[in-house]
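The following blocks contain the structures, represented as structure tokens.
Okay, so chain A shows up in both of these, paired with chain B first and chain C after.
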Partner chain A sequence: MATAFKTVEPLEYYRRFLKENCRPDGRELGEFRATTVNIGSITTADGSALVKLGNTTVICGVKAEVAAPAVDSANKGYIVPNVELPSLCSTRFRSGPPGEEAQAASQFIADVIENSQIIAKEDLCIANGKLAWVLYCDIICLDYDGNILDASVFALLAALKNVQLPSVTINEETGLSEVNLKQKNPLVIRKHPVATSFAIFDDTLLIVDPTAEEEDLATGTVTVVTDEEDRLCSVHKPGGSPLTGAKLQDCITRAITRHKEVKKLIDKVTKSIKPN
Partner chain B sequence: MEPGGAAMAAAGCCLRPFSCERGLLSRPDGSAAFVQGDTSVLAGLYGPAEVRGSKESPERATLEVLLRPKVGLPGVGERSREQLLRQTCEAVVLGALHPRTAITLVLQVLSDAGSLLSCCLNAACMGLLDAGLPLSALFCGVTCALDAQGAIVLDPTTRQEQEARAVLTFAIDSTEKKVLMATTRGSCSVEEMQQCLVAAQRAADTIFQFYRDSACRRYSKS
Partner chain C sequence: MPLDHRRLQGPDESQPPALWAGEGSGPRDPCALRPLFARAGLLSQAEGSAYVELSGGTKVLCAAWGPREAAEPGGGTAGGGGGGGGGRLVCEFRRAPFSSRGARPRPGGAAEREAEREAAAALREALEPAVRLARYPRARLAVSALLLQDGGSALAAAVSAASLALADAGVEMYDLAVGCALCRDPGHPSGAWLLQPGEAEERRAAARLTLALLPALNQVSAVLGGGRGGDPESWGEALRLGLDGCHRLYPVLRQSLLRAVKRRDAAHTPPGS
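Take a look at the complex of A and B:
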């Protein structure tokens, strides 16, 4: 009976749950799905991480290459993020060139990297004006069950923390670069941005970490990205139901507590894989 | 061309002079050119019209926003702005009144001298208004920049945007002055964000007054 009701009147079905301050999957309105992170899952990448938020699964691989820096910023390297939503992850995506959602997600990740200064691009410089690192951060969704942005930002952060770059020196005499694969250095992560997404139900109710089903039924979404100093790296509300300043403040407060949870998790995981 | 500069000076806020010209194109169902300082955007709106195959929705009109840059082809940045603009318009357009139709909004950037997204939002709203589509509310875009000292600069120029520590763009609705859309660049504290929002809501009053005056002038003529 319940499944039939859900199929016929999905919104009403959800409303009945939300009235009781819970959701069909048993979560409270402000509760995240179980979050797991696995670091270094791709051995061939320079850094990688697999993040699961409930069923949503996102993998991020970082590939480092060297290139000549741009002329107008000779002491800076590059970070090139890309989000892929292949047809494998959900029926809503077709194969072929990236759709609007994938492009918007890529732009969002690029903005978060730029806004939060997660890595100082100067750190990626090897020789001023000659050689710099390019970090290709490929984020691929394997299972799409909503809240792709939170999972992507988390996967990116975890993968960057996992990156080990070989030391490169430039031989003064020959002018050629020499790579020492035996000596590897981790990247300096300056900030830890963490994203928290909300779905707006019936213009008023805010629910955290929406599933794909909830995202479809919701009248809008908000994503707040904060760093460890509780500064806002991004407040992303792409249209949808209007919100008051006070409601936005509620979102930010929740995002700050979420940051602490995620930071604790990532610290625990990085510590556990460090060779002693 | 209807200037909004006089109303702006009276309100004492520091938006650049803005103006709007409506119904300047003959083919679209609604058109408007919005100018904010040296930034200008031309909006053309077609619809409700026939919808193309897979995009058809049995419950509401399908909204499509195309943002054309001044030079070159639209890239990832434009796609992401299109999404922001589309979802903002979707929130106010009463699409349920026109199921199985498409509404296409084309925005052509004529010149970019800062606060481009807010100018696009204003042009979009004027375009919707000119086409006479049923809307639940109007909206306007306001960009705020926070300079190195933390002072708020409303409607910044390109130069001010580059020098700013953070740039925040809000879309404010006309009924309750709530936030329809928000996007930020750079980082700021929570208090600074709230201050910017209040400043944007105050500036929105000026823009809505301009919308009202503009509509009055247009429809009061014999």
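Take a look at the complex of A and C:
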């Protein structure tokens, strides 16, 4: 009976739950799904992380390569994030080149990296004007059950924290670069941006960490990115129903609380895999 | 080359640092089968799914969708095929940009697209004989494999994962297709074949072979291979070795499928009943 009602009137079905301050999956409105992170599982990448938010699964692999820096920023390296939503993760995506949502997500991640200064691009410079690191951060969604932006930002941060770069030096005499794969150095992570997403129901009600179903029924979404100093890195609200300032302030406060939880989780995981 | 605006691009050219560093690898037992881990039914959004990992670092995730009405009956798309009035099996094989040890391949690049198309066709050839396509007239079955890490024998692992995913999706099949790869060590010109080669061995190999077997029927569904030299006996020996490998892997895959069904049953029966 309940399943038939859900199929015919999904929105009404949700409203009944929300009226009682809970959701069909048993969560409260402000409750996040179980979050797990696994880092360093892809050994072909220089750094990797797998993040699960309930069913939503996102993997991020970082591959480091070297290239000549761009002419207009001789002392800077590159960070190239790309989000992929392959047909494997949900039936809503088709195979082929990245669709609209994947492109928007890639751009969002690029903006978060730029705004938060998670890594100073100057740190990626090996020799001024000659050689710099390129960090290709490929974020692939494996299971799409909503809120991929939170999962993607988390996976990116965890993967970057896992990156070990071989030491590269330039031989003064020959001018050639020498690589020592034995000696590895971690990246300097300057900021820890964490994203928190909300879905807006019926123009007023805010629910955190929406599933794919909730995202489809919602009238809008907001994503707030904060760093460890409780400063805003990005507020992303792609259209949808308007939101009052007070509600937005509420989102930011909750994002700051969420940041502390995620930071604790990431610290625990990075500490657990440290060799000594 | 036309500019790809749908992906964020880095610099025009970059090299992996490993290009300038030496590498080494240890010897190993040529007949050893790498331990295989398989788990079916782990994705929430796909009808059927499976993950296969070979010890040493090959990781493949696969999703499958049961019969859907074909949009264009009989129309051939990339990776699609079939015919004879039955359903079509559409396969996709993607490689994550960070899956290989060397340089990151440009996603969407011509070489990468070509390699993926080839792998998708190979996957379809290996799976088609295992699926009862005649039971799904004018329908479309989809299989999508994603290689997360290539530690060698990737196509063989993908074949096993894909057939598990199809079975997990409830598609009618004759049997599971079990994949197994071999390669010939260039150090032994007489033809010593290595079972389930690692990535480094595969790269050095003089000849490569991937087999897919339907063990219950004892029928070979695909033989893909190539390489330099070797007399027919040597290739025959490779086939025997590979088929034996497939038979040894079969129980592991069956077990994982059974476990997935049990998990699903447990989730669907309400506690206390």
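By definition in this document, the second predicted complex is superposed on the first by the 276 of 276 C-alpha atoms of A that agree within 3 Å, B and C clash if a C-alpha of one lies under 4 Å from a C-alpha of the other, contacts with A are read in each partner's own complex, and residues count from 1 in each chain.
Basically, a contact is a pair of C-beta atoms (placed from the backbone, for glycine too) under 8 Å apart; a residue touches a chain by one contact, two chains touch by 3 or more.
Fair warning: this is a prediction, and the values are worked out from it, not measured in the lab.
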**Asked** For A:Leu243, is the partner it touches chain B (first), chain C (second), both, or none of the two (neither)?
**Response** first
**Prompt:** After superposition on the shared chain, which partner residues are touched by A:Asp227: those of chain B (first), chain C (second), both, or neither?
**Reply:** first
**Request:** Pick one for A:Gln103: touches chain B only (first), chain C only (second), both, or neither.
**Result:** both
**Message:** According to the stated criteria, A:Ile113 is in contact with first (chain B), second (chain C), both, or neither; which is it?
**Reply:** neither
**Request:** Based on the superposed arrangement, let me know which partner A:Leu205 touches: chain B (first), chain C (second), both, or neither?
**Result:** neither
**Prompt:** Touching A:Ile266, do we find chain B (first), chain C (second), both, or neither?
**Reply:** neither
**Complete:** Comparing chain B and chain C in the superposed model, the one touching more of chain A is C
**Request:** Considering only the touch criterion stated at the top, classify A:Val194 as touching first (chain B), second (chain C), both, or neither.
**Result:** neither
**Contacts on chain A seen with chain B and repeated with chain C across the two complexes** = 103, 106-107, 110
**Asked** Contact residues on chain C for chain A in the complex?
**Response** 4, 6-11, 13-21, 43-46, 57, 59, 61-63, 65, 92, 94, 96-101, 103-104, 107-108, 142, 144-146, 148-151
**Asked** chain C touches which residues of chain A in the complex?
**Response** 41-45, 48, 55, 57, 59, 61-68, 70, 78, 80-82, 84, 86-91, 95, 97-98, 102-103, 106-107, 110, 134, 136, 138, 140, 142-145, 166, 168, 176-181, 212
**Request:** Would you tell me which residues of chain B are touching chain A in their complex?
**Result:** 76-77, 79-80, 82-91, 137, 168, 171, 173, 176, 178-190, 193-194, 197-198, 201
**Fill in**
Within the complex, chain B is touched by chain A residues 100-101, 103-104, 106-108, 110-111, 114-117, 219-220, 222, 227, 230-245, 248-249, 252
